[in-house]
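Pasting the structures in now, so scroll down.
The following pair of complexes shares a single chain, chain A, combined with chain B in the former and chain C in the latter.
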Partner chain A sequence: MQSIPVLKIGPVLLVSIQTELHDSLAVNLQDTILYKIRDTRARAVLIDITAMEIVDSFIARILSETTQMASVMDARVVLVGMRPAVTMTLVDMGMTLPGIDTAINIEAGLFKLGYELCAIRQDGHAVREPALMETVDGQD
Partner chain B sequence: MTTTVTNKATANINKILDTVLDAAPIGFLLVDSQGRIKHFNKHCEGLFGFTKKELLDKPIETLLPGQLRESHVGMRDNFITEPWPRMMGAGRELFAQRKDGSQFPIEIGLGPVEIEGEMYVTATVIDITEKQQHDAQKKARLEQSHYEELMQLSSPLLTVWKGIKVLPLVGTLDSIRTQDAMEKALTCMAEEQIRVLIVDITGVLTVDTMVSDHLIRMATAVRLMGGDCILTGISPEVARTVTQLGVDLSTLHTRATLADGLALGIKVIETGRGF
Partner chain C sequence: MDKIEIRDEHDVVLARTAARDVAGAQGFSVMAKTRIATAVSELARNVFLHGDGGYMEYEVLREGNKIGIHCRFVDQGPGIPNIEQAMQDGFSSIATLGHGLPGARRLVDDFKIHSEPGRGVRVEIIKWN
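Coming up: the complex of A and B.
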């Protein structure tokens, strides 16, 4: 069965949905995320929906529920990269996904969760990437 | 002698008249009080597709679309009893029918004339197919350009800071304009990875429940995209109306002036954590 990979980057789980979600796949994904939170003791989940062209009310509800479930397990979910067309359809349907954290791209999402990319100098010290704000502004 | 001269003059005038009528780029018909076609010019032959023989002494209804023929007889009789020169069918569209059954839009001018105690009616006919097409195209073009102009005027997006856009709204906010502004703003956010959208309503004439609803929708959409929406330019009057109407703007981040909104936006950009 087709499944969506849930990647772990430090304390953050990264879920990038690169295919259209049908109902069973969505339910399946919800399970995967929750088990992965327990197994990896992740504190945050980034769900990237940049590639999704259709988000119907069922998928929206699954996403909303997953956020609540994760929060009960003390993990914060940020939804990333919703397309304009998808956004407008959801607003028109009155699905405003209350309580869901969102970000414009993955980097902004990480930043929102309190993490950011660092460069590691040769002496082992982390240096804040000045490029980050540039990319957040879309100048990269 | 005098009579001969007069006859000759009349003949000349008739000859000139016939030439003029046959050369005219409009259709000309002479109809008697029974509605029979007594005379018509060359242009009519081309216009309706009938030959001289086919049309002479035939009822004028021959040239009308089938469904109008019966009612036209009555109208024609009315006109004969109360004749005065006029344009036919003021305010509505008139159609004529060719020999092959095809129909075309026309304009007709009617002129009653009494000759030796008999009533006749002259009718001039113009085919307005091209004029109508031209008018329709012109109207469509004009409407389109007006609409586009309005749409462009109504929602410019201004860059005021890295990652911050301002959408100044002016005039009356209806659902079409809000939808248009929203579409533009969201597309721009996705393309340029905009973090903060400031919607300034200083120039909005009235803010009622409907407009508030539009604004709340816009803010919700911006939040879903992963951005933050700040509503600025709220005058004391707007604050009063909105509160008295019982509109809940607590889901929006509001500031009195654009300057305050910008300060808030910059703070959001720098901390990167939203509100």
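Coming up: the complex of A and C.
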């Protein structure tokens, strides 16, 4: 069975979709991500879709469901590298991706999560206040 | 016309990558290529999910210096009793989003759907570059 690797880098899971996503592969990926969030207590997931030329309503729905379920498990999903043509096509179709956070590349995605990653080192909880970053940095 | 049988989810991938590759080979813009391939993905999925499988036929069209792609989706499934309802945003008989048909229509230049209950569905689309 084909599967897509989910890598763990500290508190972040990194998934890069490099293959054509057929429907059950998409569903499997969703399961894998959610189990791995549970097992590793990851706080964030970066899903890199730079290589995806086609995102239809099925795949869009899986991505948006995954984001919602992850957020119930207190993990934040950032979708990375969505091509402009893909974005416009989804808009044309009337699909919105409610609650989905995006970034242009993996680096920007990690940056977006930066505050939380810093804070996790301090007390094991994600905090969002930028002001806390200084405290954390100061203690290093 | 070239033909792709649509029996399962792998065939949906075959259909949409075929549309993408033909559009690419014919020099379609990235936007037009993405739109036609995405529309094909929606319609091919409906063929296997709702129509008990069927096929897609496709060909390149030339009119003057315009180039287009014409695709036809045929299945012999249960058909669609109320096409007007099925074409509405958010209508779905399987509790999904129901964006497939209305979404695909907005992505192409020409969209025709025909169904006789009990005798399947036939959808024809044309996308010009």
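Criterion: the second predicted complex is superposed on the first by the 114 of 140 C-alpha atoms of A that agree within 3 Å, B and C clash if a C-alpha of one lies under 4 Å from a C-alpha of the other, contacts with A are read in each partner's own complex, and residues count from 1 in each chain.
The rule is short, and it goes like this: a contact is a pair of C-beta atoms (placed from the backbone, for glycine too) under 8 Å apart; a residue touches a chain by one contact, two chains touch by 3 or more.
The model shown is predicted, which means the values in this text are computed figures rather than measured ones.
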Contact breadth on chain A, by residue count: chain C or chain B: B
Partner chain(s) touched by A:96 [first = chain B, second = chain C, both, neither]: first
Touched partner set for A:56, first chain B, second chain C, both or neither: second
First, second, both or neither for A:109, with chain B first and chain C second: first
Touched partner set for A:20, first chain B, second chain C, both or neither: second
Chain B versus chain C as contact partner of A:88, first or second or both or neither: both
Chain B and chain C footprints on chain A, overlapping residues: 83, 88
Chain B contact footprint on chain A (complex, rising order): 79-84, 87-88, 90-91, 96-97, 100-105, 108-109, 111-112, 114, 116, 133, 135-139
For the chain A and chain C complex, residues of the former touching the latter: 20-24, 53-58, 61, 83, 85-86, 88-89, 92-95
Residue ranges of chain C touching chain A (in the complex, touch as defined): 9-10, 12-13, 16-17, 20, 30-31, 33-35, 37-38, 41-42, 45, 89, 96-97, 99-100, 102-104, 106-107
Sites on chain B touched by chain A in the complex: 162-163, 182-183, 186-187, 189-195, 217, 220-221, 223-227, 269, 272-274
